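Have a look at the structure that comes next, please.
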């Protein structure tokens, strides 16, 4: 930042990031800059419905570059290791392994979604706005992952949320899309109010907003357990909204169903991951001191959230008629699985349980995005949205259907994709920390999920196609994104070691 | 690297078949399946393992490569064979070839996918028997479900979707229960192990290094983990009362799939029981031996009684599998050379025999389009060779001497009768009564279907019985044209029957290595 | 839509009880907590100036302790930008209605439209109609 | 002279809950937007009050950000409201129920 | 080894069984290409077996014996040894000769009965015969109980194959199933017995110092018969005596099944559905004989348990009487023979139970000859009658079929026990043993004796009723007037067996020997008294004396008198029965006198409703319980599974209704959730204090 003026005393310079730290923020900056470039393109040539290629291409290149940057930083070991986190802007931003890991998730999802959107949005207006909003939301997510203070947490969370509201309502003349948008927005606004109030109470209990400062302030215990407790839970509520956890999940089925499918993909994968990223950081860094946990047992809260979330999500998903809504509920269910990581914190296996959650989010980023993008493909083909409408699709579009089957089985936790590994890692974590009840719930829900995921597979492959089933064309972008996601999902089964080490060490590094 | 080569061959074959044209898929698959078959037999012939894989024995064809590190644990790609896994791998490859051949006739739709899935299944099965790292093992263990689900649900009978999903969910729940139980043990072991290497875990557990987990003491933890793992594996075996997926799956599955299901998949359950419950937690198994034996005996008798009440040939064989697998459990719990070794031998034997019987039923079904005992009679007049095979298989199933079926059961009885748990003799004696009931229903079924005046009910065809026949059979409405089975239908039968007899006359071929692998398990106590 | 607010007591107020319950909980917590004496701010310092410093991470120039908010400031600039962009996109009324709506039914799973409506002349009216129909269908289906 | 911080808290709690009450009981989307503003401002009261309590400015500065965000939120909210009105002919949020279960 | 010079006979002894096995394989795979469809191979093989058996017998006669393991199934260093071995001693050598002889003759006869009649499925038939011979021969020379069980079971399979030979009809497959199932039921106990003997003694070999009878004997002798650990043997909580009795009973289960003793005899009459040569084979030398042979084989073990012996004797005596009574009313010639078979094996059991080891083996031998003869004779009649079997459709065949007639008559006289035919000597000896041991201190045996004695009357009656109805009088049907011609292959076996039936009894003329004081005339006794120690008559005598308390009594203190009296009574009774038959049926057109028996006849025709009650039991406790289990399985066990899934889906449907679509409700629930969360965690953390 250009604050290094000669007028200023030297200590100020220390807070300004040196050049190396610029590099650390490269993914975020790349995302933001791409959004700006898109603005420029749009202002040069507005209202161009046919210029989708350039826009989507630019956006995709931007996210891809950000992805590459994040991976490069991860590989280079920037900010990683115990105590190696890079603190920028006076602890307002932190770049460490976890932030980069999650940035990889966001940018991967964004890339896939943008590639798919190229076909989905063909001949539509407001494409530039669409990509800009998506990039800005991605930027917000990346910032969430590296937020170092409740202030940046809150603001970056809003940066991720506000474009999302608009994206959900993107199909302005579609009642479903608009209704989804208003519901998402209202629940979101309520949640952010609760979140803000929670932050104010945490500030009230500690006098600090910086995460590590809060931890320091709390390390000696506090008299204001009640205020802190309410604050912590309200903050948790804010994250629960973002991650679509019960009882802050109500927007999710509607939003995912009503939104354009690529946006659903984006929200259910990346946005959820972002919520978890920030939740993990806040709770692991700020609220972890033993003195807090004794009186404000937020692991109990997450325990309850996890239990209810996965149960409700899976049970509701089991009886859906529409595939997209089923996926929406299943997404709620998966939030419940990941919450186990938070519920099992401070039981002696922090690196393992959090790492497992992070791995699951990464795999989920691919498999769930892929699944929603397959829905996008179906919407593109206009085959209908119920399970029955998908009957026999396997005969018409075998490759996409194989990909979809990979997603479904991987989501269900069968060894056809990385979802198998990550889900069982979570289960390992739950068992290893003695959360047998959660493990049992996970078991029940997993069985149920197998049932409804396999319904999709059954429709695709086992049922006779309706006579009217006829698909037109094989859109390159959508196909590319779906198949790409499937390949990565599959490869993450044997290749899970590529990410598991990074995730677990990043998670371990959060704890001093 | 030879195990990897074996698995790789199967997987490669799977991929090749998926892209192969359907027309040649059957022949290509059969040909390809000979490669793993030959390789596994080569491995069998050159087998050099000593002792039990889990108890520090010398392994054959072992590989270890680090794969994933999961928090405190390292997951390795660790495979290797001992005298228990080697025969089971051979069984898998043999039955796969047999199943592929027996699929030529009934599978007329999407053949390439069918055979591709079968080869994928084979790869998973080999993996299950070869893996020595828990997670690797678990990947294969669960991977088996996927091709099986498709195989039942696409090529199955009228209620195939119900059966497939039931199989799918039921066994998956079981896996999860088992998984939780196993990891409770792992974490109970604490820092004493750094990887999920099953032999290391087994030895640590046997050395009594188990600590407590989440406030649960070692003894209780062990018992609970044992119960969870037993429950999990019991579904796969299956043990009464968690057996009900099996008849549905068998009845709906196309015959070649039934061959594999009964022949190999059920063995996964008992194999796992042997490896986990009865090797790692031998003390618990011995403490609760009587209860486990009770489950086994109930399975034997109850399964046989259920088979007695059935009208559908496949259901009969399916329930009798429940009964036969009960013997395996009974043998395992005995902790004698003949008990555990016999149980393993019975796995092989039952695999071959039930595969043979299912294949026979399939051949009959191919021409009659019914499996109902009441719907046909006197098939022997039209299908003499198939009938002979059926008869031979049925008698082997009944435990006729000089077939492997006799020895499998006999070893088990011999090993269990004087086993060290209370009431062993009584349990054995009651279980033996299964041989009478099994004779009852198989003889009844054969008498009704194979013998007597010839006749087939023609009004039974419901069009949807087999997806692939879809009513295009021109003369299905008229008198059934019951022909002799084609050579390629009979070859797998003959192959399996030959093995059944060879193993029945010269059990040492496999019992030798089995005994060698089982012996270290039996601490103290002569045979 | 009511043109002016009027008091309407009815069952729809019932959910309000939940808000009251929350208030009860909050009050119970707040009133039982005890704070020390407020530290307060020095009276001779310009708080506004300090806030200004804090906003651009120059709090060392000020005297009242505070976190730096430069990062937040930059981010919120982007947030406002995004909100504006989104709001404008949504609020804008299309002059040319032709291009929208071609895929308007896609999130309904792309229910088959009238073949005549495809491509060129699907006006907003027919789209709304088709959406309405879709909506009701959904309700019926459920 | 200084008011005890509990009373600020009580005030903010009251404001928060009044806003919440509005959200729970009103059907007009505009009222909902206002109610959300009210709740955010309840947070601001807390922030400012605690800022004074602890003698650091963090809370005060942050309250500015909250206000800014409230504005952004309303802007977007109004946008969505507009399209809601265009599609449903009403801003009654209970009317939009095509997506459920 | 006793004599290395003679060892060569023993070296090739396995071939006695292997040859028929080879013929089985040849007939099975190449039968349809061979001139006589495998018959020649079978004849050659069994002929070879016969020669080898004779050689072995001669070698054994020379004093040599053989008891060696030849093939080990599994190598088991520290535990039970499962192997096949050869035990060639006088008993098995004798039995080998009998079995191979009968088998050879049956093969020969089949040429006439099957080939000449143009039957289908001949390769299968000869394969079955070959396998049958193989199994039985191997069973005979088995050196351990495990091997016995193996071939015992195979014998069962063969009976199934051959009884069900005409599978295109309804009855034969059903009969085959019944035969296998009923014997399987018995074999179940046998199986338990074998396993239990393994578990108890660690071995199942018959002979030698480490054999289980020897070990049992030592255990009983060592422990003095009173409880406790029996010389390191595990007796499963019982006293050794009681446990050995249980073991004996368990093995006896198999014997009762295979030898068709009451109550498991019901399969045997049905088994007449098989081709008649097969009936001859089954009844005379193979399957049915196997049971009795088994008891004889391990007699050293049974002799230790008085209870078992008594039960054997009693069951035997009862079966003898019971079956004989049913034979009285049958119309079908083969049925009469079937019941007579049951009855005769009852005698053998009586003999074994009564301590008459030699007598029983003697009867086993003579019966093999005369029953094979009778069946083959009946077969000849059936050929002649164009496969009609009802005796009331026959009559007057004497003139038209002279050779079968005289052979049949010879067999009948032997069966009825008329002096001096073979049956007289052997049956008389059994009754004599029962009598003397009965009066010598085991009065229970007298019950068996009396039943056996009563059965003699019936035997005489039904035998001659059969002979008279079949061969005497006027032909009652057209077929009987014009019988089918018979070939040499039919007549030769009849002639051979006719001679044997008449003369085989001379090998052990106990009454003559006793009266004349010529011990050496009891050739069979002497034959069975040498060989491997522990398997000799003398040893068995000691055992029954020491452990079962069998002592020889005598009427009026005179052994000679007793012998004479016993022989006299049984002969008189046999003659009485025969005479009655002569009185009733000797005319040219005999009446159906049994009709006059009324209800009794109905009862006898229905075999005392034995089948009915067994079927009832099987249906109630088999099928009935199976049906119940099935219903239970479908409704409760599987119902629970499906119930879980239904409840899940139903609750899923309820849960999703929470999502009402109205956003206000969402907000309410959200707030509610928050409040609940606050309260829960708050109460847990104690914030409100």
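Going in written order, the chains are labelled A, B, C, D and E, and every chain counts its residues from 1.
Assume contacts are C-beta pairs under 8 Å (C-beta built on N, C-alpha and C of every residue); 3 or more make two chains touch, one makes a residue touch a chain.
This is a predicted model, so every value here is computed, not measured.
Colleague: Could you tell me which chains make contact with chain B and chain C both?
Modeller: A, E
Colleague: Which chain, with its centre taken as the mean C-alpha position, is closest to the global C-alpha centre?
Modeller: Central chain: B.
Colleague: Taking mean CA positions as centres, which chain lies farthest from chain C?
Modeller: Between chain C and every other chain, the largest centroid distance is to E.
Colleague: Among the chains, which is located farthest from chain D on the basis of C-alpha centroids?
Modeller: E
Colleague: Busiest chain-chain interface by contact pairs, anyone?
Modeller: Top-ranked chain pair by contacting C-beta pairs: A-C.
Colleague: Quick check: how many Å separate the C-alpha centres of chain A and chain E?
Modeller: So the centroids are 78 Å from each other.
Colleague: Which whole number of Å gives the spacing of the CA centres of chain B and chain D?
Modeller: One centre to the other, that is 63 Å.
Colleague: Let me have the rounded angstrom distance from the C-alpha centre of chain C over to the C-alpha centre of chain E, please.
Modeller: 93
Colleague: Starting from the mean Cα coordinates of chain B and chain E, work out the distance between those two points in Å.
Modeller: Spacing between the chain centres: roughly 37 Å.
Colleague: On chain B, where are the residues touching two or more other chains?
Modeller: If we look for residues of chain B contacting two or more partner chains, we find 169.
Colleague: For chain D, what residues touch not just one other chain but two or more?
Modeller: Residues 5, 9, 16, 20, 23-25, 27, 53-54, 56, 58, 61-62, 65, 69, 72-73, 76, 79-80, 83, 87, 93, 96-101 of chain D each touch two or more of the other chains.
Colleague: What are the residues of chain E that contact at least two other chains?
Modeller: 645, 656, 659, 661, 663-664, 667-668, 671-672, 674, 678, 682, 687-688
Colleague: Once the touch criterion is applied, which pairs of chains come out as touching?
Modeller: Taking the chains two at a time, the touching pairs are A-B, A-C, A-D, A-E, B-E, C-D, C-E, D-E.
Colleague: Which residues of chain C touch chain A in their complex?
Modeller: Checking each residue of chain C against chain A gives 25-26, 29-30, 32-35, 56-58, 60-61, 67-72, 75-76, 78-79, 81-83, 85-90, 94, 96, 99-113, 124, 127-128, 131-132, 134-135, 141-142.
Colleague: Show me the residue ranges of chain D that touch chain C in the complex, using the header's touch definition.
Modeller: 2, 4-6, 9-10, 13-14, 16-18, 20-21, 24-25, 27-28, 52-58, 60-62, 64-65, 68-69, 71-73, 75-76, 78-80, 82-83, 87, 90-92, 98-101
Colleague: Which positions of chain E touch chain B when the two form their complex?
Modeller: Per the stated touch rule, the residues are 72-76, 78-80, 82, 149-151, 153-154, 157, 160, 164, 167-170, 172-174, 176-177, 180-181, 184-185, 187-188, 191-192, 195-196, 198-199, 234, 236, 618, 622-623, 625-627, 629-630, 633, 637-638, 641, 645.
Colleague: So in the complex, the part of chain C that touches chain E is made up of which residues?
Modeller: Per the stated touch rule, the residues are 12, 15, 18-19, 21-22, 25, 28-29, 32.
Colleague: Give the list of chain B residues in touch with chain A in this complex.
Modeller: 67-72, 75, 135, 138-140, 142-143, 145-146, 149-150, 153-154, 160-161, 165, 168-169, 172-173, 176-177, 179-180, 183-184, 186-187, 213-216
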